[in-house]
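First comes the structure, then the notes that go with it.
Every chain is named by a letter (A, B and C) in the order it is written, and numbering of its residues begins at 1.
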Amino acid sequence: MSQRKATIVKDFLWACTAAGFVAIILRFAYGLGATTGLSDTTPWGFWIGFDLLGGVALAAGGFTIAAAVYIFHLESYRPLLRSAILTAFLGYLSVIFALLCDLGLPWHIWKPMVNWQPHSVMFEVAWCVMLYTTVLSLEFAPVVLEHPWFRLPIFRAVLTLLKRLTLPLVILGIALSTLHQSSLGSLFLIVPYRLHPLWYSPIQPILFFVSAVALGLLTVTLEAFVSAYLYDHELPHGLLAGLGKVAAIVLWVYLALRIGDLIFRKLILAPFNGSWQGVLFLIELGLGALIPAILLSIPRVRRSPIGLGTSAILGVSGIILNRLSVSVIAQYRPPETAYFPSLSELLISLGVLSAIGLVFLFIVETFNVFGAPEKHELDQSVSSPVSYAFQDDLWRNHILRRSFVVVLVIAATFALLPSQIVEGRMMPSTEVRSAVGGDILWIDGNRNEEGVRFEHQKHIERQRQQATNEETACAVCHHLSKPGDQATPCWECHRDMYLPTSIFDHTFHQQALGGNVSCSECHIGEHIADSAVGCNECHETMASKESTTVKFNYAARGYVDALHDQCVSCHKREATAQNKENLPRCPTCHRAEGAPPGVRRLLSLSNP
Amino acid sequence: MTDWLEIAQGPIFRFALAIFVLGLARQVGLTVSGALTAIRRAKDRRLPYREIAKETLSWIFPIRALRRARPLQSVASFAFHIGVILAGLFLRNHIDIFQSNVGIAWIALPRPLLDCLTLLAIAGATILLLYRVYSLSVRTLSTAMDYILLVMILGLMISGYIAGQSWNPIPYNTLMLFHTWGGILLVILIPFTKIAHCVLFPLTRFCTEIAWHLTPEGGSEVIHTLYGSDGRKV
Amino acid sequence: MIGILVDVTRCIGCRECVAACVNANRLGKNIPLPQHSADGLSSQRWVSVISRPGERYVRKSCLHCLEPACVSACPVGAMQKTPAGPVVYDASLCMGCRYCMMACPYGVPRYDWDHLVPYVRKCTLCYSRLKEGKLPACVEACPTQALAFGQRSELLSQAHRLIRSEPMKFVQTVYGEHEAGGTLILYISDIPLDWLGYHVAPGPTPLPDYTALAMSLVAPTSLGVMALMAGTWWVIQRRMKLMGARADSSEGETQ
């Protein structure tokens, strides 16, 4: 029965890993811009907030439990030690993995090792990650080396050496963790003008450290719940209640520091001013710290699995929300450049976590992590040939099913990710609206009120004076007229502000020329775009011969490009001819005064 | 209607392609690992590798088969395969869909040549279908899926051929809708049906050899022994 | 220390400086979309001209702080403050952590989001042109002498002279004299320029000072924690041994 629960969970994790795998490939194939929601105003997003800051804080259980067992000689917590250290180690691995996705040039990740910058907080963070991951791997290595696989004397020698080094390693680990947890907070000391004052704090390093200790303890608690559920272990109630008590104390310290800091900076009333930041702050501190602190302080609640589990979940999500707020949500950015994590950012986070989860389950099932003796029974059952064959078939069954799931998920992810991720970033389309007015036209295609006041009448008069033939005067600018029209306005063909748009209606032409048999009217040979004849083969008079700038084409350029080209080329000519050097410069047409009042009224009518 | 066409040629095509590639890779992986497990467990581990290679090659280029029992069936099958593979992979319109989704393109074959090949393939597929229905020995071995797949491919080839002709009586987009969605369905089905032989064929003889140690053409020898020289009377 | 003095009242908004910058630094054609950039800067636009009400045009680019936050933040030394003043970027060292973009109080460094090998991009005050003895491209291109290039100290005194000579016209501060510890680009203006910062106008404290304390505590903290942990371990272990011994002896006495 227990086997089945773990199998279902593992199937699910495999599916998530597969989805994340696709997203990672696309991220490296098409770059950060195409696959993430990051921008110049949000250089750090979900990966930094959740995977990096959250992951490191989640891993704090490793050093707290190690300190309890080795330094404070609280031997009763030893059963939790190995899984806590394993979680910390895998947590750091997932952090490094997410970081590799987030860095623009991940192949330069080793540069901080050779190019020392002791003034940079990020430099310290980089070194701490490297050193502490090494220390954690050494702390966990004995568990792996105890396995019968490593029977060779050399492994035994290493094992003995590592066991002798345990205490120095633990002390080094605690020092590195203290530095690292706090220096992640120090990262945000340099952003006083960017981070909302409710989160910007001069004691950020201390806040980060204290909350990480609480988070680490609660994570160890949650993890005990999960493994007890998956493998039908008995929940170590007494131990977890003890952890809960310590976590409550740490949470109270954290709350006191946080509120004291606000009082000291005279901001204690700021959360209640009704802004969304205030609400976020209250949710984060209330649901994520205050309520779990109260719940865990009540002995009856922390001894019941439900009470303990609830407060652990609340506390963990609250402190992770704090990391996200500090690094992403509460950072100021101009409203037009809002950030939301893209699907591939979320998928990569999910995939990395799931992969780490699978590694965790593998290690737990293979090595003696929980200190339980059932390992040997399993070994005996495997040694009989019948059960060996059975195991093999079971394994093959898993492979069959999981490979099918993985294929399906990869295909679905590949298909469902928005096409901009698969095909690269494209400019969003911006519809062009018509110019308004009569003798004076207000040209403002995207209606952002940064348009051009165009003196249509004056241009017509000037053109009439210069043109040899009065009839073609209009055609200097109105270079292409639709059938039955004399002067088709710009926006009828240049329909997008920035992107080229097609002005050819294929279905219309196909129907008009006689359905299925009409292909050969335009296409010579195959029915592909390349084989079609030019528009002017049939529409001989549609394109003006007076126009200097424009070729007759299936695609019309973006509105901005087309108009700039049309106006500026003529203005440049006239600037030298009339010796008016300011004529081709931007403010000649783009003036700050905006639309004429009459036009403004028209606009307000046409834009409900 | 054009929306449905665009979906089929965009995201759904990517889905089908991914299923196709990964599904076939999975099939190959499973077959190889299964074969290796079988070898590991077998007592008789001798394998005539040269014979296997020779048989596989002669199976791919069935020139010798022409002289054997059913020359018409062999020719039909050959025409059918050539047509399906060349028209499927080297038609300009198909390559365009590839390029817009995956960014890969390759050289296209001229349309008239592909038209001829498609006609031959349609003829071949019809003959194969008739064999399946009217030849007792083939009918006994056939499953429902064999008929479904063959009819499906036949339908796809006919619709694709007609769509490209100027005398096409059916509205172009309707025909394309049928052709595209049918094609997508087929591509998705490939890794999970017997059409997976498009990548598994080099392993077929290998697996047979491991499983039964049957000599090549062993089947017809059995029939020969049981029923005399005229196997068709079964 | 060199610098540029920007006289906002002289700028006619012709964007010749932008065009010159694009040419000199071989930048791309794309104009940034408003949803990607509020101030017009991007990895392909190292200087922009922002239109303000009343036909005022204010140029924005890297201000080249005297004590740059980006240089202090960079973990690999890719952002460097040159002795002459300009803050430059060494792409061969960058690992793409984008901490410089977070740290800058003006939000100036921009990223090559659309490239597979992305770098941080910003104005270098035409450092390579300066080394050749040329003026920065924007200063050379300005048709109205709104940009003046020279030694920062001289420009500063010139700026003060100018704003004092016309107290009715100019705002009576030189923007960039003290902002975030002072910048090489100085502004005199007849409109307030508080909005030039990323979100709020930076105060006079140089940003590196904010992290200096935390960084100076790194070594003492680590040594302190190690000593504390070792001490705790020793004390508790000794006490437990003593208690064990006493328990043994008391057991012996009762027997």
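Here is the rule we go by: a contact is a pair of C-beta atoms (placed from the backbone, for glycine too) under 8 Å apart; a residue touches a chain by one contact, two chains touch by 3 or more.
Remember, it's a predicted structure, so these values are computed and weren't measured experimentally.
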Which chains make contact with chain A and with chain C at once?
-> none
Return the chain whose centre of C-alpha atoms lies at maximal distance from the corresponding centre of chain B.
-> C
Approximate Å spacing (C-alpha centroids) for the pair chain A, chain C | 25
Averaging C-alpha coordinates per chain, one finds the centres of chain B and chain C separated by a number of Å equal to 64
Chain-centre distance (mean CA atoms) for chain A and chain B, in whole Å, is 43
Touching two or more other chains, which residues of chain A qualify?
-> none
Interface hub residues of chain C, defined as touching at least two other chains = none
How about chain A: which of its residues touch chain B in the complex?
-> 392, 396, 399-400, 403-404, 406-408, 410-412, 414-416, 419, 422-423, 507, 510, 515-517, 519-520, 525-528
Residues of chain A touching chain C in the complex = 28-34, 38-41, 43-44, 67, 70-73, 103-106, 108-109, 111-112, 115, 117-126, 167, 170-172, 174-176, 178-179, 182-183, 186-187, 189-194, 202, 205, 331-332, 334, 336-337, 424-425, 427-428, 448, 450, 498, 560, 581-582, 585-587, 590-593
In their shared complex, chain A is touched by residues of chain B numbered 2, 10-12, 14-16, 18-19, 22-23, 26, 29-30, 33-34, 37, 92-93, 96, 101, 103, 111, 164, 166-172, 191
Residues of chain C touching chain A in the complex | 12-16, 31, 33-38, 41-43, 51-57, 69, 72-77, 93-99, 101-103, 105, 107, 110-119, 143, 197-200, 202-203, 207-208, 210-212, 214-215, 218, 221-223, 225-226, 229-230, 232-233, 236-237, 240
